[in-house]
């Protein structure tokens, strides 16, 4: 039992300190449902939502880096109301708390998002994603707007380059917890088009920068700190805990080795890891030995398919 | 084991809440939407250099992949880390004697005996009209590897296949294609002999453009076809293949999104073949 | 001919846009004299100097990262006066301009360093290295202190995370050129000791962040911008030029592939690159084919050794 | 070619302005200070697993490296990029039939035929007293690979060599050492049988500790020896080997600096063997 956000009228309690980072896992459990046991995670953080729908960016969006990748999506999302319609019922049925990531576009939009999500049963907390250029004043306004519209616990995800001052501002403005840090932006040349492309950068190298920022913020913060950036193994995750984080968010390794997210969660959750010996070739998959997937799947033989669920409940009118 | 897998799946259509996108295409291979991506391992049995720039890897794959169909691909990573951080999309050119053969650039150094992790199947089978007689395939500035398996299947069941090659596609070694395929050569302006005739002859058209040109090329093709067909272009008639560079391959990151008329689509889970009638060209 | 610093009473002109970054090349040409042709570079930037001598840091100082390295040296240096005694005569004999890097510890110390280096014949310019926590006010004070004590052109090296505001402040305070960016700090675990270690991080991954910062600063700066961070090839260097830099500093690749610094310089200097064929095995070395080293070394057979130089001149008393 | 190289060198002592550091040690192999690091290539001819954790690589090296002496090492990087970003310090255990044999951890996967880039020679030969009879070598918690070549040379010229092994050094396969070497076993407190006797017997003492313990271990050893020798410890009597992880290997980055009494030293260009009398233990 980990109290993930500052104690108060509402606080988010999770069983396991490991969760995916916003933007890596999808809007609900679907993309990774067949690949990992979501129930073993501490929580799920959704892809970023904005008040209005956003479409995907034009031009190259995924460009390889040495030992990493640059991604520029333009934050496509259906907008908050349509996302609630599409995913709200699944969030309500989730085995683990669902934290909805809200992009801090403007105080007014954040207020609208908070208000809509506050009435959505499956939402356990909001994570506010600050923009790279956010100032401490912006943070105060954004948080005031959110707090006026929801009692849900508020996590604030802080950009790497401004981690200390923005974390301080978020705590002063009433944030329930801090997520350190959103990955930085970079520019690289796309080999296919020859263009210079900007976007967020992901990869194991990021860990050193994020770990330092996490340590710095943990030393000054009076509220829980969640570490994030370049975590690719249980040992990486433990380094963030040692630097003062209460929990961690795992990012791009979920894309390259999906089972690793579950392995990290099981490992930090104190579950024993064993490597399966003698599993049949068509039963065995990488990482499976390290989990109890075989047993889980056998147990499912008799159970009804998970998709066989009641249709989404109608939502209360706005 | 395979049966269990069917139980555990959330179908790709269901999971992003737009079942109706495909609902009117009755001829879709229904099985594919029920068959989830799994992580398995494969052994590289043979590495065959097929041109200056291409190699074919013969893979011993998990038996479950025997169900894969033309259009589906593998999301691969060498077990002990490779050159690239992200997984690579490996496109099969056929299933032979229990081995899957993929065709990839020869720049990547793979050796027989190497073990790779696969997330597969990636994407859906290319949707075919049920009584298809005449298939027109068009590859411009992109090697026609994604057509090899499909063309083989179609020829085997007696359909007539015409393949138009333009630009960089002309560098492709023709001996890798089934001998029955008729090859036409397009000029730099995307014109080929009897263009109107072939387009009206075809029951179905599938085009392939490089990632950075998909929007423009497919919009142009769709325009041309719309002008030829005075009534509306039928559903499931003209498709574009989207081979964007994929980050997650699972539908999580949305980096491969294709803006749609009614619903947005994902190259990784809805593709590679997308009905161009459903695409919103801006 | 590249005018590296803002035109005025003094301006530094260099022949080639490529130079090593501070801290990677040593205090003079000696460490790389036998490995590369220093004369092919545009300039040489010395290791950082402080007013007082500094000793090396305790604990682990070099820790591997995925595709990079974390280094924490503690900026060891003999102090400015002793450095002038040790290296001044060699700087004066250098084939290319020598830019002395001065760490911006305090305005008073920078004033002392500038004063001492101003009277040192071989110094072509000073590069002021700003601290990560520097504020725009600090920058103004540091530069005022330097300008009051020297007419040498002043380059200002700006930390990555604050590139835009500090570059603006440096330009306003009279800097002659901007170096974007000093590498960021990170924290990683030393596998040998198990400790978390902090330090600067180097490697090809850094390029995306530094290139972005360089592009951002180039868009707003009215003075020359020198790009730096993770450059490992001529193409990398060209990307910085395309983003608006007038020159580049090459960092850790000099350690891993010394000849690459020369290759980048020759390439960006417009010299033709050829790969030697048929060189004798004991004459051939990697990168040699890409240079004219064989000819150069043959030519040297008759020349006196370069070390056969007069003893260091005594310095004027302070 | 070699003669030319002598012309082009700035000797390590000269270049950092402290010629005097070594000037009083007349018995130093003068040649080494005149021999600059060069970049050459080597081919891995043979890979021999010599223990659970160690492998020996047999390298065809540039003929100029035939001059290398015990103590000097190679700063190596596989030509097509290896696992580590920085170069690795490879310690030779001998020169046999024109091949240099290095001993490195077996965790790094090298294969025969691979080509590596070498910056070499790295560092100086271990300075030996000219009429050395009795050498005491001490390895604590570090595998005694750096002693193998030296011990072989000394035994070959008739000197008596005693090697004290403690902690992790005890895991070293003794058959890799010359048979003539007398082996003593140290306990966890760094004591061994007849400690005082061996220390007074020795004409020269060379110690090896892991990088993170050098300062502490060598300070302790130097204290012990100072107490045994009522007069001052002679110059060039007791050395410590410094195998810090190196960033540049050329004296540029200063990450391997060892604080000195009069001048600071660099493990890469002044080491690996450093006269402990010259070290400032804080």
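As written, the chain order gives the labels A, B, C and D, with residue 1 at the start of each chain.
In this section, a residue touches a chain if its C-beta (ideal position, glycine included) is under 8 Å from a C-beta of that chain, and two chains touch if they have at least 3 such contacts.
The structure displayed is predicted, hence computed values, not measured ones.
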item: Shared interface partners, meaning chains that touch chain B and chain D; value: none
item: Reference chain C; chain at largest CA-centroid distance; value: B
item: Whole-Å separation of chain centres (CA-atom averages), chain B against chain C; value: 50
item: Separation of mean Cα positions, chain C and chain A [Å, integer]; value: 40
item: Distance between the centres, which are taken as Cα means, of chain D and chain C, whole angstrom; value: 31
item: Two or more partner chains touched - positions in chain C; value: 65, 67-68, 203
item: Chain-level touch network, classified as line, ring, star, complete or other; value: line
item: In contact (per the touch rule at the top): chain pairs; value: A-B, A-C, C-D
item: Of all residues in chain A, those that touch chain B in their complex; value: 23-26, 28, 30-35, 47, 55-56, 58-65, 67-69, 71-73, 76-77, 86-87, 192-193, 203, 252, 254-259, 281-287, 297-298, 300-301, 303, 305-307
item: Chain B - residues contacting chain A, complex; value: 1, 4-11, 14-17, 36-41, 62-64, 77, 79, 84-87, 117, 119, 210-212, 215, 244-259, 264, 269
item: Residues of chain A touching chain C in the complex; value: 65-68, 70, 160-162, 184-189, 196, 198, 201, 203-209, 211-212, 215, 235, 239, 242-243
